[in-house]
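Pasting in a structure now, in structure tokens, and then I'll have a few things to ask.
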């Protein structure tokens, strides 16, 4: 398993292929790619992610260990970019490998749900009207809450 | 959206990148890749998928329309290979694009759950001991059943 | 009318397809299964457990009570194991 | 002791980090917030709603009642919006 926190752009497909190359007879792989969103009715110029890298690596490492154990994953990888990006660029990618699809899907969803609320990144959206810090979404808290168990209280 | 049923090998990462290139300001993309499984304690030599292509295209087209509408996806693609493959080779890939991750994940899981039971492919596993047709898994039926609604009775 | 067979059904019958001309009294998929079983013992054995046999008429998945009037291709196969 | 600030907290304070030397009576993260607020009105205003402020001690996310004895780096930041 691996965690990468970087200002470098990454190639989603190349990352998936590198991840799949480590396949050990596993049957199911899930890749989630989070891209800079821009809606036609509310376009943004750029998205800047601020990061506290030392804390991000610690948080994501605990999280990935938890996901590996909880869903009996064969492998898992988190790549999270920070800095300034334009619409369509990949921000984050989570990949899981498991013997069956249910575990691969659940592991990837678990990682994304925790990452949204527990990884030290902050989003600043820039549009022609100016820059605003993105507020946390209530449904991100509820998405995280569904996995809640005493074992995870420390994350 | 697109459906591809083919005997040709495909490149999972290249397919994901081609799919993401159609991104229209969407925020979330999920790729599920199903690979030929081979466990160390029960290794297989090859897996052969038999297919009824005309029916496969009809079934997968109905399924993808249903997923697009039900989860308000921006795009969805199913690639399903048939013929003879070796362990680690990709068999199937499902990709979804949505404004938010919950819809992208749900759409991909829905497509996979139906595909397992409702797409006309049959798996023949070959090992040193001979060849056996893979029996349907009970948990594939229950995975499919969780999406069951009158609207889907016809699939 | 063309009949297609897949997977272990194809193997047990030792053919992937055949042309048949059932009489007009053969109105549904179920009737066709009965009629084919009546003329071929291997088929009768292979489809003994009807719940294991799926069918398609002109490349549409259908239940066994579906009429076959005007159909060009009827396919029979075991439960699917895709993905 | 080094203090780090992120996101709108950093912007409102107009600095990303600073060195401070709190007295021994400052025992926990909460004490540190109070002590920093006492010496800097901008900080006091920015952290007025304490529930909006998250903290980390030596790159570990911690609740506000965590002791800071021996800590080298304490970070303050708004709720995270990763992913």
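We call the chains A, B, C and D, going by the order they appear; numbering starts again at 1 in every chain.
Following the convention adopted for this analysis, a contact is a pair of C-beta atoms (placed from the backbone, for glycine too) under 8 Å apart; a residue touches a chain by one contact, two chains touch by 3 or more.
What you see is a predicted model, and the numbers here were worked out from it, not measured in a lab.
J.: Going chain by chain, each one touching the next, work out the least steps from subunit A to subunit C.
T.: The fewest steps needed to get from subunit A to subunit C is 2.
J.: Report the chain whose CA-based centre is farthest from the CA-based centre of subunit A.
T.: Taking each chain's C-alpha mean as its centre, the farthest from subunit A is C.
J.: How many angstrom lie between the CA centroids of subunit B and subunit D, rounded to a whole number?
T.: 49
J.: Taking each chain's centre as its mean C-alpha position, how far apart are subunit A and subunit D in Å?
T.: 26
J.: Residues of subunit A touching 2+ other chains?
T.: Within subunit A, the residues that touch at least two other chains are 34, 101, 112.
J.: What residues in subunit D touch two or more of the other chains?
T.: 83
J.: Going by the touch definition at the top, which pairs of chains touch each other?
T.: Contact pairs between chains: A-B, A-D, B-C.
J.: Would you pull the subunit A residues touching subunit D in the complex into a rising list?
T.: Contact set of subunit A toward subunit D: 34, 49-50, 52, 54-56, 58-59, 80, 91-92, 112, 115-124, 133-137, 140, 155.
J.: Residues of subunit D touching subunit A in their complex?
T.: 4, 6-8, 10, 56, 59-61, 75, 77-83
J.: Which stretch or stretches of subunit A touch subunit B in the complex?
T.: Within the complex, subunit A touches subunit B at residues 11-17, 20, 23, 25-40, 43, 87-88, 90, 99, 101-102, 104-105, 108-109, 112, 139, 143.
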